[in-house]
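Report on the following structure.
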Amino acid sequence: MAPVRASKRGMALAVLAAVFAAAGCTTAFEQQLAEAELLRVEAAAAGAEWLQTGALLEQARDEAAGGDMDAARALVDKARFQGEAALRQAEHEASAWQNRVVQ
Amino acid sequence: MASKIKVKAKLSGDLAEIKSLMLHPMETGSRKDPDTGELVPTHHITQLTFTNNEKTVMVANFSTAVSKNPYFSFSFSGAKAGDTLKVSWIDNKGATDELETVLK
Amino acid sequence: MDVGRRLLLKAGVAFAALAALPRTLLAAAWPEKAFAATEAGAAMSTLFGTNQATPSAEIKLKVPEIAENGAVVPVTISTTLENVESISIVVEHNPRPLAASFEIPAGTLPNVSSRIKMGETSDVIAVVKTDTGIYSTSKQVKVTIGGCGG
Amino acid sequence: MKNSAAMLLLSLVPMLTQQAAVAGPEDDREAFVEYFQSRFPDVAFAEFANGIYAIDEDARGQWLDIEEFPPYEFAVEQGETLWQEALPDGARLADCFGQSTGDIRPAYPRFDAGRGEVVTLAVAINDCRQTQKLPVWPYDSEELISITAYLAYAARGKPVVTQIHADEPGALAAYEEGKRFYYSKRGQLNFACSDCHVTSVGLHVRADRLSPSLGHTTHFPVYRSKLGTVISLHQRFSGCVRDVRAKPFALQSEEFRNLEYFLSYMSNGLEFNGPGARK
């Protein structure tokens, strides 16, 4: 499984690069958005993405496009928190699941 | 697609036990389409009729409160092998379906 | 255990699909007004001319105590009353309380089963009309809101 | 003497390791069965094929009423029609499968050593479509699900016999992946499958009682009264994952196929009784 994980991570970095390139990486918001997106992709690669992270980022983009940067940033923060939490969860579960196996 | 009515009949002596199931959405008119957000119009079977050799043995009047894909069962006496049982329904849009079966 | 397996026994009745033919018999008109009534009493008055039904222990109403799913509540009604003309199902707290009404010609047993929808916890009333009057019995069915359903 | 004993021991080593490869799943399964039997001592083993209705009397009565004439019979009928249907070149779906109709469902999920992955019945049907140069069916399509309903019906009463061959390390790895998935917490609610369906089995989540995992795979596909349609096991997986607020995997994804492999193995010895009816 390890090679698969690694290639997914590689893909994640490629996606991030693409996001930065597309965004031109000019504003702080765009960078925050890209980071939150990377966390989401990493969590997905670990098979641990939460249900609404993608939608939060989508909404954040919409709010930013509509000019409401406060709302956009709040949504990015939420998505970022979810991405981090999902990754922590996956890390913890890498061994913790074994304690639940019916003996 | 086969008929949208299914019937099972069990004959014991002159007693026929009839079970029926039909495919129908039975829309109440108060459900929203998840895609469009608009109310789905009322669409339901109003009357389900059973005849045995042309004699009416049951008329079931339904509201929208009968479950989707309605089930209905009942029994009648005076039946014998070879009788022709006919099931038919009509809905509030005027659509109909019908099924004939021979008791055995 | 065997309940599942006997379901589709092919020995029963051979049935054939017919093309939709014009309907021949329509015993009585669909009681539109009674079905439109928004209160149980009004539905009964419209259907029977009275909303007074005599409680009867001779009517057996089988419903679940707690509906697994309010969209599919199995209901079975049977009675030992004689000369039954119709059996109706009334769900007191449904927006349109009259759920179904079955006309019982002579020779047909006063014993029917169906599945109905219930919006919330409510009394379900089985109403039996005979040549001597209107009789009923009722039972409460609890309807809860579920989430998973595995 | 000593020497030959050592030789004998040495010669046993490969055998022992080979056995260990299958002893793992079998030990898991025995512990799994024992757990549910001790939680529900009054429920006979065979009854676990009936899911929640093995342990909930009031719900069971309603289920039996539905089973009097279950709406999935339309799907079984449609599935049979599609199964028998002659294709333009005269071939039939059945031609892809060597077994008699009733033996097809029990042959899946299986580990395909050549492909190095778990093949489920739905995947095998679509593979067949491809060899017949026909477009594959989406995994949530009425056609595909109704065929699985028909094949499930044809297999009623046959035992679940999920195989993990000792000489296929990939099979054990797939099983272990499924097991890891089953016991791993995921989603915003931080639940593992086992949290609900092992630890809290029989308890209520809002108005729902949690069904035992022993027997989870025997009765699919199932007619859901709530939806008015027949759904696949993977659609149910997807629903559960969504319920714990994690992003669901695709139907027939590797994750879900491995999970199906693990859960099917846990249900070995029960009888197939699909399609089922659920609220």
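Order of writing sets the labels: A, B, C and D. Residues in every chain begin at 1.
Throughout what follows, contacts are C-beta pairs under 8 Å (C-beta built on N, C-alpha and C of every residue); 3 or more make two chains touch, one makes a residue touch a chain.
Nothing here was measured: the structure is a model prediction, and the numbers come from that model.
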Which chain pair racks up the highest number of C-beta contacts? B-C
The distance between the C-alpha centres of chain B and chain D, rounded to whole Å, is 35
Centre to centre, by mean C-alpha position, how many angstrom separate chain A and chain B? 52
Centre distance in Å when chain A and chain D are each reduced to the mean of their C-alpha atoms: 32
Where in chain D do residues touch two or more other chains at once? 66, 68-69, 73, 225
Chain A: which residues touch two or more other chains? none
Quick check: what residues of chain C touch more than one other chain, meaning two or more? 71-73, 113, 115
Chains touch one another in the pairs A-D, B-C, B-D, C-D
State the interface residues of chain C toward chain B in the complex, per the touch definition above. 12-18, 20-21, 23-28, 30-31, 35, 71-73, 91, 94-96, 98-105, 107-109, 111-118
The chain B residues in contact with chain D across the complex are 1-2, 4, 6, 8, 19-21, 23, 25, 67-69, 71, 73
Footprint of chain B on chain D - complex, ascending: 66, 68-69, 71, 73-74, 77-78, 81, 225, 228
Taking the complex as given, what residues does chain B use to touch chain C? 2-3, 6-10, 15, 28, 30, 46-47, 49, 51, 54-68, 70-78, 88, 90, 96-104
Which residues of chain D touch chain A in their complex? 28, 31-32, 35, 177, 179-181, 183-188, 190, 192, 194-195, 198-199, 242, 245-249, 255
